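Both complexes shown next keep chain A, but they swap its partner, so chain B is in the first and chain C is in the second.
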Partner chain A sequence: MIRIALIIGMVASCTLGHATTIVIGAKESVTRIKDAIALAQPGDTLLIKPGIYREGNIILQKPLTIKGEGYPVLDGENQYEIFTIHTNHAVIQGLKFINTGISSINDLAAIKLLESQQIKILQNKFENTFFGIYLANSSHVWIEENELQAQAEFEHQIGNGIHLWKCNNITIDKNKVVGHRDGIYFEFVTNSLITNNHSEGNMRYGLHFMFSNNDEYRNNTFMNNGAGVAVMYTKEVTMVNNSFIHNWGSSAYGLLLKDIRDSKITGNSFLENSVGIFMEGSSRNHIQQNKFYQNGYALKLQASCDDNIISKNNFQQNTFDLVTNGSLVLNKIEANYWDRYEGYDLNKDKTGDIPYRPISMYGTIVERMPQAILLWRSFLVLLLDKAEKAMPILTPENLMDVSPAMLPYDFN
Partner chain B sequence: MFSALCWIVISCAVKPEPLLYGRDACHTCKMTLVDRKFGAELVTEKGKVYKFDDLNCMLTFYHSGYEEASAFKFIQVVDFTNPEKLIDAQNAWYLKSEDLRTPMASEVAAFESEESTQVFKKEWKAVLLSWGEIQTQFK
Partner chain C sequence: MTRIIKYIFYDILRTRFIIFYTAFLLVCTFAFFQIDGDFGKVVLSLMNIVLMAVPLVSVVFTTIHFFNSYEFIELMLAQPVNRRSVFLSEYIAVATSLCLAFVIGVGFPFALYGAWQSISTLLVTGIFLTLVFVSLAFFSSVLTRDKAKAIGVALLFWFYFSLIYDGLLLWVIYTFSDYPLEKLTLTLIAFNPIDLARIIMLLQLDISALMGYTGAFYKNFFGSNMGIFFSASLLMLWVFWPILVSMRIFSKKDL
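Presenting the complex of A and B:
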């Protein structure tokens, strides 16, 4: 008797428990994604054939795998949010989302996750979506290899590419975000990883972090964004091996740090930014082994920063290496390579024998009086800087690198 | 001649400036303004203009002592129902709710009339506050 029951049980689990695949397409028995979702049992796979699907707002509240074949197009007809997801264990893969609605009150998205867990969003394409991927109150989500592209003229016509609010344990890997308001946006997001992404030509920030602790971003490229990357009101963030390239403009920064504590900035490249790093109200951060090359200002260190360690960086071909707005020095600057250093190394220990003062008098004057930039590269400025070197009056005397490196570090 | 003189006097008068979204940066948090439903502005007696992206950024600066509170001629906030429109902060109505996503997480929206707050108050389960009460919230 027990055996029979067992056999029946096994057979039942094979037939009932086995997930089925529902194929959706113009020539299939199911033509609409919404119908397929209604039909499907938890754990099923929906396979969407190529075509254009205009179904308004699709709500998913079942654990399903939704896959596209040859990038079927889901059109929001400039009116709707496309996918709204509230479930656990779902996969969205290989779809193309176009033309979501635009709204100033609601954040309409191509894919919106609300209170969901264990979701994978893989290899999708997004064109002209208001918000691309939007997560709220979600955790354990993988967002990988998606391409997001938008063309908006004004900032209010466009939302963020990948937008996260109150989430944790999220992985964002190998995505490409172009032309959104903020490329990747984090607010109240913890224990998450952002790796190998490319964020370019976004109207405001390539990456925007607020109130998001214990996160890490690595090997990303942030290029030509309106105002660079902003990391604000956060502690314990690790920023490693990223490239900040050509973020240029009057209030643009490679990296804007505001009220950041206990964070690590290591191995990054800052190339051709108006300001490489702007720091305000930040404490106990380590800025080490970064490359500052051809920036307007390599580092703007506001007097409200303390206990930061800036060491072993390369400063090359920047208009100004370092400027500050006060005379108090509470940060440690040591063992950096400065291409403007004119000292000597008699004992051959590869460290300069006299300290280097990275703040030029002219830099201080420009900081107080921006119009003075007109005099840049004039003979007068050269004289001023030389006179200041002999008798420092304006520049903070204690702000110096006591052990400047004689040769640039090789970070490759 | 007289009208020309008048024009000069008027054009030099201390007055608020419109917030340029996408271009202006918040004086406190340095973020570029983008959300047109939120924003604030302080104008001093001498005509110096400070712009903010959210109410809490404005109040942080307002209470910082950088400028005397009495030095401000205009204290303005953006009306939630009329994007980009600056209204007098002292006579505005405020709703605070966790459901509200503002640029710097103040969770507060400003309204010109009490009437227009009513729908949102229900929808967000919000608390209605006055200028005086709002200040104690962010001290």
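Presenting the complex of A and C:
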């Protein structure tokens, strides 16, 4: 029964899909988008010709396809939200949104979806918008190949690039977000796929998500964001092949994990971050085959983490490979490559014969007294570290990699 | 004076020590390049050499040279030449030969590999450290007539600045870690040329180490023009005060 209903529905939508196209432009019979929406039947296509459209807040409650030709500009005049959508089966494609209003009471956005489903937002451009794309209580939405750019100077003057609240089954692919507060923001978003996005120069986090289970992140790049990427209060997240590059500053993290469980972090590269990964209260995560290169701290593993497996990663040229704030060891660290490892491999199985202790004494001292960083790389510190290696007093004795790799893994 | 400098220069070359020193630096630098192609890492490894070996060699070589040429100095002073010019010639000859050895030993491989810019800071701080420790060695040499004692004092300078001082500093930081120590540590750093050189280099090379509030504070200070001026003038001070004091002592000393 359901199947028949589905088929009828599909046939109906097909016939509707071939319905009329309404052309909007200064020289056309319809000059305003609002008029066109009022005229249109469900399933119609609105084709917007190039030009500047200043129509305040446009409310869309019909399943329409809205396409732009040559990027027509929709101007919010620094006052309005531009599109508010509450419908199913709509497409917004090829438009350019500029200058939405700024408000600290309402989250004004260029495109806001409220309780909508089956929406596609494709190849749009956003300039100087407060929130770019804002989804609330929606599902099955595709957000692809959009470019969002903002030039805010302060965090309170700007909203998030792509903001999702209480959504599921969302695909976010090949978008570029620059200069917003959070590049991509997720709260209560489940079963979603985030791929090939580029998030750069955002004031707060490149990607910020909370309470968002069963999501997958692949091939994204997070660069130069104020505080890197934060992932909190979530379980079963997959993060694969992402790049976390140059998130630099006194409170910046490549990846901040807080209360994360049963997640997989594989094949990512952490390059030149103040802290590669900061982990707090996280359990049962697999951190494997990642590349930590030239970070201040490659991994800050707080003592509140347990049962994590950290294996087969490359740690190269980091100032400190690993620091922690306790002596209890509940995580498994094995078969990583550490460029500071000085052991030998007698039986030639490419695994070092003596364990490696990744925590340097000086790392521990600096963790307690940040001013002590001043003596970094002095002869004294070298001696202290050597002495500590021979006879651990300050650093947890059992925290070690029992089978360190002799050669770096080749992940390319 | 130039003639005296020339003779001392020949004398230094004849001992061949300076050639060994140059060769040592050359071998080290080339070896680092062999081990790791990454210029940044080579510079970091060399930094350890600059901070440890350069002061040590400067100090030991200078004191030994001073006492080995004691008779030459006495002979010179029998001539109608100013004591100051003899002393200054000694200083200039020793300092330039050590600096040259350093620049050739470290700079040549970098020039060969075409990474000239990346070591400019290293070269400048290395030269400064050489000058500072040659000054200190001269100071210890004029303090006493006994060669062994002078070498002992000179080595103590080296030991003090590269190890003991940092230990004391760490103790201060440890003891007073509840207080804001940024300005205090900044002042204390100024009293140690090796620390000063190290921080200047760290800011160029390894800023990832300097993080957090403290890191930001130091970076703001040493990274600014004011900070560069401050550290450069402090290093100058470290070059000049020992040499001026020892010149005073030398000109009044009963040889």
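The working rule: the second predicted complex is superposed on the first by the 394 of 412 C-alpha atoms of A that agree within 3 Å, B and C clash if a C-alpha of one lies under 4 Å from a C-alpha of the other, contacts with A are read in each partner's own complex, and residues count from 1 in each chain.
In this section, a residue touches a chain if its C-beta (ideal position, glycine included) is under 8 Å from a C-beta of that chain, and two chains touch if they have at least 3 such contacts.
Being a predicted model, the structure only gives us computed values, none of them experimental.
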- [ ] Kindly classify A:L380 by the partners it touches after superposition: chain B alone (first), chain C alone (second), both, or neither?
- [x] second
- [ ] Tell me which partner A:W165 touches in the superposition: chain B (first), chain C (second), both or neither.
- [x] first
Open item on the list: A:Q317 in the overlay: touching chain B, chain C, both, or neither? Say first, second, both or neither.
Closed with: second
- [ ] May I ask you to decide whether A:M369 touches chain B, chain C, both, or neither, giving the answer as first, second, both or neither?
- [x] second
TODO: Classify the contacts of A:R181 with the two partner chains as first (chain B alone), second (chain C alone), both, or neither.
DONE: first
TODO: Figure out whether A:Y344 sits in contact with chain B (first) or chain C (second), or with both, or with neither.
DONE: neither
- [ ] Over in the complex, which chain C residues touch chain A? Could you list them?
- [x] 38, 40-41, 44, 47-48, 51-52, 162-163, 166-167, 169-170, 173-174, 177, 181-182, 185, 189, 194-195, 198-199, 202, 206, 208-216, 218
Task: Of chain A, residues touching chain B in the complex - done: 104-105, 107, 154-156, 165, 181, 187-188, 203-205, 210-211, 226-227, 230, 232, 251, 256, 258, 278, 280
TODO: Write out the stretch or stretches of chain A touching chain C in their complex.
DONE: 250, 272, 274, 294-296, 317-319, 368-383
TODO: Please name which positions on chain B make contact with chain A in the complex.
DONE: 21-22, 25, 29-32, 34-37, 83, 101, 104-105
